[in-house]
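Take a look at these structures.
Two complexes are shown next, each including chain A; its partner changes from chain B in the first to chain C in the second.
So, the complex of A and B:
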């Protein structure tokens, strides 16, 4: 995976993942998320949680320079664009 | 209208049903530096060269420098709205412009957005702005003329469809005027014209558009405008956008003509971009790929082989010289890429020879084979007479007192040819008219007319032909050659005109 930053916080190399949500995550959520991500990337991960109410709902996860955007805001934006295309 | 409404409702329903399904995965970066229309972006590791980037507030950018730890991008829009730390997404797309018949008669910017007040451009098709030129297999030699309507060009520097002919000269020597005259001459014809204004004064662009509208030439013309007030990135992509619009017509089997006015300003815009992107400066601070900048653009002009539709794209690049220096960097580059040049000279312009074409320095390397037979019949003699005249003129400058009769006659004829080649602006001529007057002057029928009366005499001649023998012009226009019987009729008519005229 390109542009990935590793750190030696853990006994083994870990991957930093920035997760943005509309509401703050509690520790249980974070653990669940990191276990899910660990399964996908096959690596230890560190979740850096951030709160941004403007995304409305869902989440955005940034791994290096790859962005997984599953926020409500992004979906609305996609819908707006496709509807605007129809109007043309 | 009702069905359209239903369509929209069902389409919106479909869209809303699909809502919620989308999770986008994008390659992103953050702006580390922004200014002068340039942004440096950290991240974006999988972005490609010339890929479109999405900045916040719906501003687009173009990735031009892919470096080890950052990406240099130019911003196609208002860069003052972009801040450091903003998120930039890659789109996986290249720049595209809308193309098709819907653009004809419109004024658009280099991204295909309308700049006139005629509303949205309704076209489905888009084309990438940058494209590799058609290869050898797809091409065919130039064989059909572009009728320019200018006597000097059609007779001595003929332009063929699919050719690249440079128009070069100092400022205000009539470069744009020639291009506009050629566009006006296509009225009612089958050639679609595209006028690309690059880095021009907005007032001048407005004036050009007004002229084209006045002469009814917007009906077959598209204007792509990137004014001096537009950002350098927009000026940089403008000619490629115009070319892409023309290529669409070429691939439909139609004929298109694109005027790039002018490539000197285009080179300046690209130099600005390159310097701001910190690419190493070369000669005159232009970047190393300044030749490729213009060669890849002009190579896209082509005449396609019949099995590929047989369409054509003719390019008329314009280059401004400084103080008549055609050996400067950009002019020599473009001269070497094009198939010939029309060289306009300040001195000629000032002595009243307009269009101020320097016939000695102007050439058309491939247009000769595209010339009509009718024009070839008169042009070969014209060229010879003019060449002899110039030689004699230089020779007799030191005293013309005791010249023999033949020399004097040759000089007199040359002077009249020069007069006949003068032509007012916005006054394109049909092939028939051009051929008839050139036939008259090269055959010596105007030798008795005083030099200063030749222009008036030509006007009378055309009027006489129009009223008394309009069929001659028509026949030449249709046959595209002077058949023996037409030549006889032409001779007789000219004699008739001579008897009736006062000179």
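So, the complex of A and C:
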């Protein structure tokens, strides 16, 4: 399990997750994302939303020192590398 | 003696005179002449011997000269043959070096050509990939609205089972 930082929100220790998206998240989105991440990490989380249009779509999430890069930018870069390597 | 018309006293006198003359001639004439003749004969003999020795020496020298000439000729032939062999070897070596150099140049040119070909292909692949990605990016940006954005996040959450270290 990676090192994570905890804080005392909601009267219990919650996990801070920095989530970057291309479009701004409204409160409903944040609540939905929180529930999704709580399922993934099995822990109460607090979403810190940031906007970065350069990722195009999807999201990037930083949990402690772990990174989930599920952005369209990342997929396109992977696709770019695959295309550049094609036929080698 | 008188019967044959000879006077004994005259005869004896003439005989003595003859013998004295003969003795004188023998002592003062014959011996020196003989000695001189012997010396001359010896000188001639020695001269002839020297001449013979010289002739033999000359013959030996001629043989030696001939032998030296033959040896020199053989050595000359050998040197010429050796020089020819060395010249052939040098020619062959130069030919091989030229061939190797030419092959090196050809190999280098082919390698350079292959490298340039690969580079062009790689550039084309990169350019093609860039065009595809830019086009995809443009299209995605154009069609991306809030609903589709939410859908993308949902799909990404489903797929993102992999965590990566920073």
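Just so it is clear, the second predicted complex is superposed on the first by the 86 of 88 C-alpha atoms of A that agree within 3 Å, B and C clash if a C-alpha of one lies under 4 Å from a C-alpha of the other, contacts with A are read in each partner's own complex, and residues count from 1 in each chain.
Throughout what follows, a contact is a pair of C-beta atoms (placed from the backbone, for glycine too) under 8 Å apart; a residue touches a chain by one contact, two chains touch by 3 or more.
The structure presented is a predicted model; accordingly, all values stated were derived computationally and were not measured.
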item: Touched partner set for A:22, first chain B, second chain C, both or neither; value: second
item: Chain B versus chain C as contact partner of A:70, first or second or both or neither; value: both
item: Dominant contact partner of chain A by residue count, chain C or chain B; value: C
item: Chain B versus chain C as contact partner of A:38, first or second or both or neither; value: neither
item: Touched partner set for A:78, first chain B, second chain C, both or neither; value: first
item: Footprint overlap on chain A, comparing chain B with chain C; value: 2, 62, 65-70, 79, 83, 86
item: Touching residues on chain B, where the partner in the complex is chain A; value: 8, 11-12, 15-16, 19-20, 22-29, 43-46, 87, 89, 120, 122
item: Chain A partner contacts - residues on chain C that touch it in the complex; value: 121-122, 125-126, 128-130, 132-133, 136-137, 140-141, 144, 146, 148-150, 152-153, 155-157, 159-160, 162-166
item: List of chain A residues in touch with chain B within their complex; value: 2-3, 62, 64-70, 74-75, 78-79, 82-83, 86, 88
item: Footprint of chain C on chain A - complex, ascending; value: 2, 21-23, 29, 33, 36, 40, 56-59, 62-63, 65-72, 76-77, 79-81, 83-87
